[in-house]
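Handing you this structure, nothing more for now.
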Amino acid sequence: MKCIQWVGVAALASVVGGAWAAAESAGAASGPIKVGCIFSVTGPASNLGAPEKKTAEMLVEKINAAGGVLGRKIQLIVKDSEGTPEKAISFAHQLIDEDGVLAIIGPSTSGESLAIKNICQENKTILLSCAAAEKITDPVAPYVFKVAPKDACAARWIFQTMKELGIRRIGVLASNDGFGLAGKEQLVKYAPQDHIEIAASEVYDKATTDLTGALNKIKGQNVQAVVNWSTVPAQALVAKNMKQLDFDVPLFQSHGFANIKYVQAGGAAANGTIFPAGRMLIADLLPDGHPQKKVLMEYKKEYEARYHEDTSTFGGHAYDALTILAEAVRKAGSADPEKVRDAIESLQGVVGTAGVFNFSKTDHNGIGMTAFEMLTVKDGKFAFYKRN
Amino acid sequence: MRFRRYAPIAGLVLFVIALQLALSAAGAAYYFTQITMSVYYSLVALGLCLLMGYAGQISLGHAGFFAIGGYTSAFLTTHNIATSGGGSAVRLLQQLGLLVERQDLYGNAIVNLSPWLALAIAMAVTTAVALLVGLPVIRLRGHYLAMATLGFGIIVYRVVLGTAGLGEADGFSDVPPFRLFGWLEVNGRKPFAAQNYYIAWTLVVIVMLLGANLVRSRVGRALRSIRESEEAADALGVNVARYKLTVFVLSAWLAALAGVFATHYRGGIGPSEATAFKSIRYVAIVAAGGMTNLWGALTMGVLLNFLSLRGVFGSYDDAVFGAILIAIMLFAPDGLVRVPRLFRRIRKKLDGSLSA
Amino acid sequence: MPTDQIVQYCLSGITVGSIYAIVAIGFNIIYNTTGVINFAQGEFVVLGAMTSISLAARMPLAIAVALAALITALIGALVELLFIRPAKQPTVLRLIIITIGVSILLRETALHVWDEKVHALPFFTGTEVSSVTLLGAHVSPQVLWVLGACALIVAGLSLFFKFTLPGRAMRACAANRTAAQLCGIKVRWMVTASFMLSAGVGALAGCVISPVTQTQYDMGAPLAIKGFTVAILGGLGNSIAAVAAGLLLGLLEAFSISLFPLAYQDVIAIVVLLAVLCFRPSGLFGRRDAHAFGEF
Amino acid sequence: MDRCLLDTQGLNRFFGGLHAVRDLELRVAEGDILALIGPNGAGKTTTLNIIAGALKPESGVVRFRGKPITGWKPHAIAGLGIARTFQTTRLFPRMTVAENVQVGRHIRSRAGFLAGMFHLPRTWKEERAIREAALAILEKLGLAEDADTPAGNLSFGRQRGVEFARALAMEPSLLLLDEPAAGLNIYETAELARLITRIRDWGITVVIVEHDMSLVMEISDAVVVLHEGSILAQGKPAEIQKDSEVIRIYLGEDHA
């Protein structure tokens, strides 16, 4: 029976697979501390996952070189989820049940983080998500944390700057990924509070080749400013198309714009863009006394030396997650998930790339309005935004 | 003699049970999650195998039906109908026991449709869409058919990604478990792992049983004749249009069924389930299985998805499926699983040359 | 709606339409010689753009674009030799699946050769901010380059297919492969030549649109789908019709934004494709029975 | 003697400017072998395709046993028991010879999707009946030993035999043959002649489009000569052979 032949083959393959994996999950007490990473290294969200993976691998080597944590090396298991929730769920189960990791860093997108939030909570595995959505830590799940800055704060910063410039009526553009969706929600939520009216809002796709149509529609609503909320590279089109449309109202971007690549892609059109962002991009302009300066400069130097590409705030999320985890393990004095979890909640003043983290029982994000600075682009480079 | 045809099915059941016992004994029960998900995905491959392998009708949009099933069921079982009026209808459903009260994320009570009703509606929606898409599409052939089905898949992807009610980019992540009978429950949590392993395999065994019978029956021959030459089949009295449409709807059902169960098992569904590339992966699986070979589609469906879900291919996951597509189409159009037959042919040639 | 807004929608429709048209032309060349839609056409566009971007850093723009077109043409030939030719009398189904596999492999190589970041070729004239005003509406000069390139390529290909020997040989293969063989045309090399030509044209398209659309490793597939839609809308094989159909679809999409949310823009383009496929597969401009044999 | 099985009235069909079939009035008597002959482009195959439903006429009526079947889909016409073969044999190459003939039994069996899936006892019996009927016809035509080989692997002559077997498996009352003798040598044509006469003896009416005059004259009960889409002459083979008009259009002026 030809069918029975291959049935045998399939059984053999999986049993062998089983034996191979069983040997790998060593005891949790001694030996290396296992940390799982789920990043979307390829696929639509590769501009988030790729820098995150490189940063995590770089930082782990550095920590292990310096003797690891509590004398134990950190073993990183990185999985590429391609930005899909189904793979994130599969890897989460694999990392927790099979590899017995202490914590999972990532995923890069909100959709994936929400998908594995309950899995990590039930299996008492710490989740340090690098995604933006507020829903990850609201409602608070004891084992679930978030290192990306709050969208709400970015939105509030934008609205405050608009109030100073006397802007009342705005148009919103957002990418159709998790980041854009979360940002738009916060803009809509805080707009009435800050007396801002959103006259028009459009969502665009990563594969968009041109945004003149959408901007033309928004221009028709005679708005005083445009806010673009996206991590998708197509966002560089916004600046270019606005200039080409001779639509000269201030352009506000989200902290998703914080990547020099988008400024270069936008070229001269990007000049004058105003956006809130972490301090990574203007690390060299920070006053020497600033707590984050040392961490940021060090990170930029090592990253650019090793990977010959500019740093991005998304890569920084992985840096912060791993730093927080290492800090918590040192403070808890053991790699027991329960103790490390409590340690994270009690962490104060942890200096990361996104800001200075102060966790608490109710705040599993640890950074707020102070994480942001209003920046602008002056002839191709980032600079502090000073209202002149 | 009549029961000899069921030997392979019996073989499959034995394999399933043996695998479960072996894994549980080896303390490797953690495989069940990824196996169960792969088995649900192979259901889609089985449907596509009937459509593409047997009836010769390519479809580059079948992930769309998986998403329609999954999203309809996810929406209906999480949408709080207590607030959306229609009081009398709600009371009627209440009496019929088709409503479920539970708490949402923030702890306030909500009322949703029972997963059984959601499943029925999901299959009804799938049938309607499959007919709506199928009727014009069955007149198309070759790359026009490929284009139309690719277009259908993209429409589903765009609608799912662009509609606020369907969670946009985040999709659904709080879909309740599907309580089947008594203690039997489609649920991703660890205590239910073995139970769900068997639920998934039971679905596949039933579909394999029906499918294997179908392909050996009069209808199976008619489908294959359509693949070989539509004109000749038509001239012999095979109602080509009706058969193509029926097998199109049938394969859509299997994809939607897989979508519903997988969504309840994982507790959610995202727009990534409806991308064009996801459909192409199913095509690669059926091609690797040997096109006109249900057993091949099942084997490759479970094996390839299992390896992919374990991240064995790492960042080259897409490249592996691309390579499979090319290699199969160039070198083994009959697929990998027919390899035993290949050996037999080679052996026959060898015997022939030795004895000659 | 005020006139300048209408004109602006027209211009943005033309911008997008010209991009789809120039990609659609690539399909017709291969379709005309082999009767197959090459799903990897979008990847030729990306490869062309990425190669020219890497080269543009080291040499003047014009040379970079020309060289990129040449290199991508060679890749096109390689693709045909490695993946299409070995298939012995393949059915349409098998060829479609092979070209899908090729498109995936090319996309993955582009990812690993370059990176996942966004790149753009500098504008041919002017910069990101320069814009040309027409009847009160504004458009980037690069769009005029895209339209110019479109016209140039269509004219060039028409001349090539009508008045040169290899051009006529390719059309002979499309009309009747066996008859062409009988006349001594080396059909296998004509198919390779058609892949080279289509890859080269795709690369040129990639370079011309790169400043406007920017280039990323995985933009090939969505662009290819729009390119198919336009090629089929115009009538498979007919490139002049493809340009007209491209502009039509571009305008349709642009004006659809004024009515529907941008998120559903693609849905409209695909609904148009499905409507054409089901009711008039020979396309708007193709003759009813024209789609039986490709004519240029 | 109104034993007319099939007739057409005012049948017209255009291909662009070409008026392929011109107000055709055809009558096929039950139990006869009727041959449609005429030079290339006379509209023979077009007429056959219209009767079989593959082509739709611009105007006119096709009646089978007095019932109009104009414009019906091929599978509906086949359902009435009208079988056909193709000019270039169209077998199912990757299916075995037996399976090809079993598809011929399609209109003589009823198991649908559900019956096929559940394979109830009723379906077993029907399946066995289909297998046996197919084998019987293959034996009748001497093709039984090829039953399990894929149809694509057979020689040209035997493939034609399988196409006949497949058509006969439909137990048709009318068999339309489209140039069955094309490409056959003398012995194969003789064998074909014996087969067609046996088919008629089984009570099946045959309409044959053919160029091989010796075959046509030997087996036909009636001959219709088509020229530029309309009937030039019709009658017994002997009469047609002597008809001057027929000789003129076939052999040119000076032979008349």
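Quick notes on this one:
By letter and in written order, the chains are A, B, C and D; residue numbering begins at 1 in each of them.
By definition in this document, a residue touches a chain if its C-beta (ideal position, glycine included) is under 8 Å from a C-beta of that chain, and two chains touch if they have at least 3 such contacts.
These figures come from a predicted structure and were not determined experimentally.
Excluding chain B leaves the other chains in the touching groups A, C | D. Common neighbours of chain B and chain D, by the contact definition above: there are none. More C-beta pairs touch across the A-B interface than across any other pair of chains.
Farthest from chain C in terms of Cα centroid separation is D. Centroid to centroid, with C-alpha atoms defining each point, chain C and chain D lie 47 Å apart. Centre-to-centre separation between chain A and chain C, using Cα means, comes to 36 Å.
Rounded to whole angstrom, the centroid-to-centroid distance between chain A and chain B, based on C-alpha atoms, equals 33 Å. Chain A and chain D have Cα centroids separated by 72 Å.
Residues of chain C in contact with two or more other chains: 261, 263, 266. For chain A, the set of residues touching two or more other chains reads 42, 176, 203, 205. In chain D, there is no position where the chain touches two or more neighbouring chains simultaneously.
By the document's touch criterion, interfaces exist between A-B, A-C, B-C, B-D. Chain C makes touch with chain A in their complex at residues 1-2, 5, 8-9, 11-13, 15-16, 19, 111, 115-120, 123, 127-129, 131, 133, 138-140, 209, 212-214, 216, 218-219, 222-223, 253-254, 257-258, 261-263, 266. In the complex of the two chains, the chain D residues touching chain B come out as 52, 54, 73-75, 78-79, 83-84, 86, 90-95, 99, 102-107, 109, 111-113, 115-119, 123-124, 126-127, 130, 166, 170. Those residues of chain B lying in contact with chain D across their complex are 2, 210-211, 213-214, 217-222, 224-225, 228-229, 231-240, 246, 250, 292.
Residues 52, 56, 58, 60, 136-137, 139-144, 146-148, 150-152, 154-155, 158-159, 161-162, 276-277, 280, 283-284, 287, 316, 318-319, 321-326, 329-330, 333 of chain B are the ones that touch chain C when the two sit in their complex.
Only residues 7-8, 11-12, 15, 18-19, 22-23, 26-31, 33-35, 37, 105-106, 161-162, 168-171, 173, 188-190, 262, 266-273, 295, 299, 302-303, 306, 308-311, 314-315, 317-318, 337, 340-341 of chain B touch chain A when the two sit together in their complex.
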